[in-house]
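Below, subunit A partners subunit B and then partners subunit C, in two separate complexes.
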Partner chain A sequence: MGIGQSLKRVDAYEKVTGRAKYTDDLAPAGALVAKVVRSTIANGRVLAFDLHKASLIPGVVRIFTCFDVPDIPFPTAGHPWSTDPAHQDVADRKLLNERVRIYGDDIAVVVADNALAAEQAAGLIGVEYETYPPCTDAEKAMQEGEHPLHEACPDNLLKHTVSQAGSFSFDALSKEKDLCVLQANYTTQVVQHCHIEPPVSYAYMDSGRVVVVTSTQIPHIVRRVVGQALGLPFGMVRVIKPYIGGGFGNKQEVLYEPLNAWLTTKLGGRAVKLELSREETFFGTRVRHAMAFSIKSAIRSDGRLVAREGWARSNQGGYASHGHSIVANAANAFRMLYQDEAGHHFDAYTVYTNLSSGGAMRGYGIPQIIFALESHMDDLALAVGADPIDLRMQNCMKEGYVDPGTGITCHSSGLLECLEKGRKATDWDSKRRAYQNQDGPLRKGIGMAIFCYKTGVYPISLETASARLLLNQDGSVDLQLGATEIGQGGDTVFTQMAAETIGIPESMVHIQSTQDTDTAPFDTGAYASRQTYVTGMAIKQTAEQFRQKLLRYAAGYYKKELENLDIQEGFLVEKDPQKRIGPLSEMAMEAFYSLENAQHITAETTHHCKENTFSFGVCFAEIEVDIPVGKIRIVNLLNLHDSGILINPQLAEAQVHGGMSMGLGYGLTEQLLFGEDARPLNGNLLDYKLPTSMDTPELQARFVETDDPTGPYGNKSLGEPPCIPVAPAVRNALLHATGVGINRLPLNPQNLVEHFLHAGLIEAKTVEGGRQDV
Partner chain B sequence: MYDFGTIYEAKGIPDAITALMADENAVVLCGGSDVLLRVREGRLAGRNLVSIRSIDDLSGILQENNETIQIRPATTFAQITQNELVQRCIPTLGEAVDQIGGPQLRNVATVGGNLCNGACSADSPPVLLTLNAELEITGPNGARRLLLEDFFEGPGKVNLEHGELLTAIRVAKKDYEGYFGHYIKFSQREAMDIATLGCAVQVKLGAEGKTIEDARLAFAVAAPVPMRCHAAEESIRGQAVGETLYDWFGRTALTEVRPRTSWRASETFRRQLIYELSGRALKAAIQKAKGEGSA
Partner chain C sequence: MRIIELEVNGKKTEVAIDERESLADTLRERLHLTSVKKGCEVGECGACTVLVDGKAVDSCIYLTLWAAGHKVLTVEGITGPGGELSAVQQAFVDEAAVQCGFCTPGLIMTAVEIVGTGRRYTREELRKMISGHLCRCTGYQNILNAIERVVNETHKAVGK
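What follows is the complex of A and B.
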């Protein structure tokens, strides 16, 4: 097997047979149960509690309130720590909060010996509040000053940054003939990750240390944040990460582990389990930021982008979480994807409101900006009469590009080839012609959208990964990593990488899937589509060292020339002439039990990655829209990706399918709604329209494999990208089908019907009494 | 863990009524797909449950001597869809309830529960309304009958006293013979969803299929309760079959409905659906009546 082969997932049998153990499966019988008491207002302050009734419920062990917790603000984002205080994550919350900033804020916690008692007691706690008017709108929040959500931000503005290059003036440009200037606003909605396994952890004490078993993407970061939040030396905290049922970024956040860890320290070290319900997960964890955009462009009639300016306003919700880095990432993509002749100017704002807090979610700000930017590109194409594919080819980032903001270089790009292949595969040119000037209630359209995506977080943040390889007595190896399998197939591709570089079959690599911070080497975890790249570098470097150690030992044992030795398919071989010497198992037994030269052959290295590279892709969407009821049917959906060399093509395809499904939900149906009082309205899986299998069409994934010189095996990011371009591709197909450009997600029937009424595609019906209904 | 008080498994209809009369706090449990949700949400937390799940007399579908079809309320949606009598005489009902939730739900949830919950979004009422369904309700003082159309009193409110049970749903032969129907559930997902709008039509054509002898139209989510649109029905009765009917049918329905704006959908959007789906359901029903297959 090796790189480029579709090795069966190493965890496939465990997962499909149900033998794989997840956090809740492992919680000890008799563990106490914690239930968070949540505020029933979205903005204000807790003045007092009445715990009397709750404390009388049989089974209640203790109730802690926001007045009991340590006075230590801590950050929750799962970023690597910045040693520069200016770049550290915002520490804006305590274990429980007296100042209420979102509906359902954590204000107290009940611990009981069963879940029902905990829930009953939580419902009986009386709370006296001082209430302030809630604000869900980012623009309004910036104008309000009476009760800022955080004292450090009197105008609720968490941060404002500017990306700019070149100098230009739209006033001057607009006087040029042969130039078209177009401005539009675009908005995206709040959505939630909807991982199947809710956030769950249990914590206990062992020999004076706090042990937290948790469903997380980032065990080593959880260790640090628990230490920070409790004021404990980090060595006193041990974090264990078993199999996890999805994260999508919501578990790149340290949500309830610190509270759970603190509870066990207050209860004599007894095990306490804290699991969120689906409803709590919707409003009490993290969401994808809603963003509003303005984009104004000057474009020549030949399709060349001359200048662009715009802004993005990101609705942060009540807590900073990943803070400004998400909209800043969006601003980067605005700059990176297209290069303007004269320049660009882009303002990015992050604003606190009383909505559920935005955090990391697959794509990290890019699905938002790509919806705006790629919708805008089709609007421009329409304005100058250009073909949308040609317009992108003319203006998009090309190989050799060096980003002025980050220094990231485009080392390889298969974007143009993706576009060419997609143009052919979808029969683009003839369909663009065929679907022009349709009438009738059913109309078809075809659209597309592109993206670029970084690989990991360098140089904005630290990139480091470690790997450890240990020889076993049978010649097989144990592979230990701090990188996490979160369903994406990480363990499988890591196994392939180690096998490829050492020269053994995958069956001889035993990967330790559970990370225990006591034994797993340091890695910052699963996020930013970084692990195959950054952890891959650590695996390659460690495996090369390990292989050298094996060869050196073999040279001594077999008395052969080191330079002429190789490891192939689990055997030591002489290269010239090609000849097998013996299986690794033979040498391993000698290494372990030799009376002359016994040693445990191991290797462990850390790779400090100071490199980054761009992956690319495009989505093509062909749709049919039922105009009178505003419903879009996907006729064909194709994603083409350049993610460099594919380590495992089958897993890569599965990753793309999952992303496309997530992108379709974002584009068509999903939105977390809030009332005027900032209370979530549809935070459950009935009312929040996550697509079902019945809503998901046949998904097509194709690849253009470039061999990226910086990727450890020629590979680039793939985890997040597939979800990015789907929504704008569908939106552009709708524009093609109807001539109506809808700039607000999701493209659900109500949204479409409103736009079609406005555009006159649907006739407004006058009903009895002369009432006009629009 | 579900927060309920006691659960009593009733042995028969009289036993269930006695148990309910003995405990004014008790809630009837059948399929459980709504009641247990409300227990979990806290709306029915701590309540005692009287289960009618095991009462044989409440389950099944049969044809009475006068060819009236009797559907007993504890029959699950899956049983209704698969029932031969339903498929032959009132297929629209089987098609409608097959669009509820997913397979797991359809194998526990019951038609009686769907009616007694009084939800305006329920999928079985529109079709049963167009079939002029009649309910049999049994209480401590015996049985009474009333039209389904008179059963719904308000959101979540039906004409059922504590201690009364829905014991039968009847569709008379005159209300299904010669009728062809169609149900459109408009929802944002193709499964696991509640209706943004539900529209049921039954139509009976005159000689040679050229005129509308009778038509019936009913909606879910067009008003606070499931409702019939008698004016729309009257407006096309006796009319010639043709394209202009659909527009007229929808426009007349708009004069009867009372949709509202909620976060689930705006009034404007619901009105557009009411107009459009009325015509589409009528067209599909006429096509079935003419043997042209469903639209």
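What follows is the complex of A and C.
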């Protein structure tokens, strides 16, 4: 085995036997149950509670309201702490909020000895509000001033940043002949992560400390935020992360752990469990930001991009969460993916509204901008008569690019090869010709879209990871990390990395899958597709040091030349002439129990990563559209990725499948709808159209492997990218099939029919009874 | 509270229940069979799927009372006495059909029901048969590969 081999998941056995324990499986019997009381308005203020009826419910232990919690605002984003106050996350909420900013805001909490009592009591609490008109529209929110959501932002504008390079004027450019100028607006919708395990934690006190067991991607960050929110020294908080049932960014946020931790401190350290229902998860956790974009470009008739300008307005919802960093990430990708001859200008705005709060979700702003930008590129291709692939090849980021905004360098790129391979595999050229000038109700089209994606967050934020290796008596090793397995396969590839560098088979690496902040070395956790890269660097560095310690001990024990020793397949060997000396177990027993030189051989290092690199990919979508009913059928869907060297090809492919499915949901069916009163209308898994197996086509994943010089094993980001290019590829296939470019997601029948009516592809007719039909 | 008798994973079991409680809660809370996962508690996601008399049901919307006198099978009951994996479980491992693992036990139980019919199915039929399960990690691709494989292998074995 080793790097590049498809080792079976190290946690597969536990998961297929049902033995893998998730947070709720571990909660102690007899734990108290907490139920959050949620506001039934989206904007206003709590004036008073009537707790009388609720307190009479048998089993109710305590009720706490927003008037009882500590006056400590805290941030919730799962970012590393910044020692620079200017870069710290916005602290804009308390454990429970008196000022209501979203529908379902956390205003009180019931603790009972069973779930039924807690829920019943929560429903009986009377609340008196002062109500303000809710605002769900980011553009309108910027104009309103009477009741800003947060006092610090009178115009509800959380932040505005500008990305600018070169100087140009569209007025001047539009006078040049041989130049085409095109402007369009694009909008994306609110979607939700829909990890199948709901957010859940339980907290108790042990030896005076608060212990929180939680379904999280970021145990060390949870510890820090709980400490901040409760005003506790961080060492007084211990966080344990068992197996988790998916996160996708929603568990890169510290949402209910602080409240849960506080409850146990108020209840004598008794265990308290706090689990959200599926419905609460939709509006009470985080969503993907809805964004609106304008993009205007000047392009030469030969396809060269001359200048681009645009803006993005990100609908933040009620709380800052990850704040402006998500739309700022989108603005960065706008600049990075294509290089303009003269320059570009891009404004990014993050605006508070009364919608459910936007936070981190797989791709972190990039699915939104790539929908806008890649739709726009196909509009440009159409305008100048260029082939969409050629246009991208001509203008996209190439190897050696150094981003002027962040300094991130493109150390390797397989993007052009991905495009070439995809062109051939999909029979692109002949299909582009064949699907021209179709008529009739069923039409086919083929489209594509590309993306670039950073690997981790350096230099925007801290990148650090630690690893610890401990020798066992049988020569096997324990691998301890602060990095987390969240379903992506992290533990398996970490095992492969350690085995490869030490020189032992994977069966001799025992990875600790549960992170406990008491024992797991510091790592910021699973997000930004960073762990195989940043944690991988820490594993490689630690494993090299560990290996050196083993070799040094062996040289003394076996009385051999250190330089001539090696570890291969779990054996100590002499390199020249090649000869096995003995299994590692022999030396390990000596190291443990030697009467002359006993030592526990271990290694632990931290890698402070100050490097970054780009991964790339493309999605090709071939579709058939039924014009009268506005329905898209996917005929063929192919993602090609350059994520550097693949540590585990089978798991990499599986990761791409999941991302493609998420991208397809984003493109075709998913949207969380809100009423005028900002109340979610379809916040459940029946009405929110998460793709089922019936909605998902065969998913094809291919790779172009580049050997990235900065990746610890030549590898680059992979976790998030697969979901990024799917929606615009489908939109561009629809443009090819029908000539109608739809700039608003999702591409569901309602949206398509509306556009087809407008384009005259179908006619509205009035049928008997006066009903308008199509 | 009421005491009922049912067969769980091949073993006659007496359990005291609240008459209002779901089979999922009984299995998880009272019998500690935590392979039964709860993702929505209203029958939308399929994570809590178990077999009752060989038929897949969402145990979160199935009253325990209804299971009285019947046979209930969970993933714990299909693993061999020495921890051996059944053919369905092995196929999920081999085809990388497992990611976060939360939907896995429920999907495996539906696969056991499908395999139990002894019939062969087209890919499209299988898609329909597992459509009561939601998975956010896999796009269903490798899950279908695993089930297709085990259905075909079983059919081959039975055919002999």
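FYI, the second predicted complex is superposed on the first by the 766 of 774 C-alpha atoms of A that agree within 3 Å, B and C clash if a C-alpha of one lies under 4 Å from a C-alpha of the other, contacts with A are read in each partner's own complex, and residues count from 1 in each chain.
Following the convention adopted for this analysis, contacts are C-beta pairs under 8 Å (C-beta built on N, C-alpha and C of every residue); 3 or more make two chains touch, one makes a residue touch a chain.
Just so we're clear, the structure is a prediction, and the values are computed from it rather than from any experiment.
Enquirer: Going by the contact rule set out at the top, does A:629 touch subunit B (first), subunit C (second), both, or neither?
Expert: A:629 sits against subunit B, while subunit C stays out of touch.
Enquirer: Return first, second, both or neither, reflecting whether A:119 touches subunit B, subunit C, both chains, or no partner chain.
Expert: first
Enquirer: Is the number of subunit A residues in contact higher for subunit B or for subunit C?
Expert: C
Enquirer: So, does A:667 touch the first partner subunit B, the second partner subunit C, both, or neither?
Expert: After superposing on A, A:667 lies clear of both subunit B and subunit C.
Enquirer: Once chain A of both complexes is superposed, is A:753 in touch with subunit B (first), subunit C (second), both, or neither?
Expert: After superposing on A, A:753 lies in contact with subunit B but is clear of subunit C.
Enquirer: Under the stated touch criterion, which partner chain does A:21 make contact with: subunit B (first), subunit C (second), both, or neither?
Expert: second
Enquirer: Contacts for A:675 in the overlay, against subunit B (first) and subunit C (second): which applies, first, second, both or neither?
Expert: Once the two structures are laid over each other on A, A:675 reaches subunit B alone.
Enquirer: Which of the two partners, first being subunit B and second being subunit C, lies in contact with A:686: first, second, both, or neither?
Expert: In the superposed model, A:686 contacts both subunit B and subunit C.
Enquirer: Output check: A:694 vs subunit B and subunit C. Expected answer is one of first, second, both, neither. What do you get?
Expert: It touches subunit B and subunit C both.
Enquirer: Do subunit B and subunit C land on any of the same subunit A residues, and which?
Expert: 685-686, 691-694
Enquirer: What residues on subunit B touch subunit A, complex-wise?
Expert: For subunit B paired with subunit A, touching residues are 1, 3, 42, 45, 102, 186, 188-194, 196, 250-251, 254-255, 263-269, 271-273, 275-277.
Enquirer: Per the contact definition, I'd like the list of subunit C residues that touch subunit A in the complex.
Expert: 28-29, 33-42, 44-45, 47, 74-76, 79, 83, 85, 89, 92-94, 96, 98-105, 108, 127-128, 130-131, 133-144
Enquirer: Applying the document's contact rule, which stretches of subunit A touch subunit C when the two form their complex?
Expert: Residues 6, 8-9, 11-22, 24-25, 29, 193-198, 243-246, 248, 277-278, 486-489, 650-651, 653-655, 657-662, 664, 684-686, 690-694, 696, 698-699 of subunit A touch subunit C in their complex.
Enquirer: For a test of understanding, state which residues of subunit A touch subunit B in their complex under the given definition.
Expert: Residue list for subunit A touching subunit B: 114-116, 119-120, 123, 628-630, 669, 673, 675, 681-682, 685-687, 689, 691-695, 748-750, 753-754, 757, 762, 765, 767-768, 773-774.
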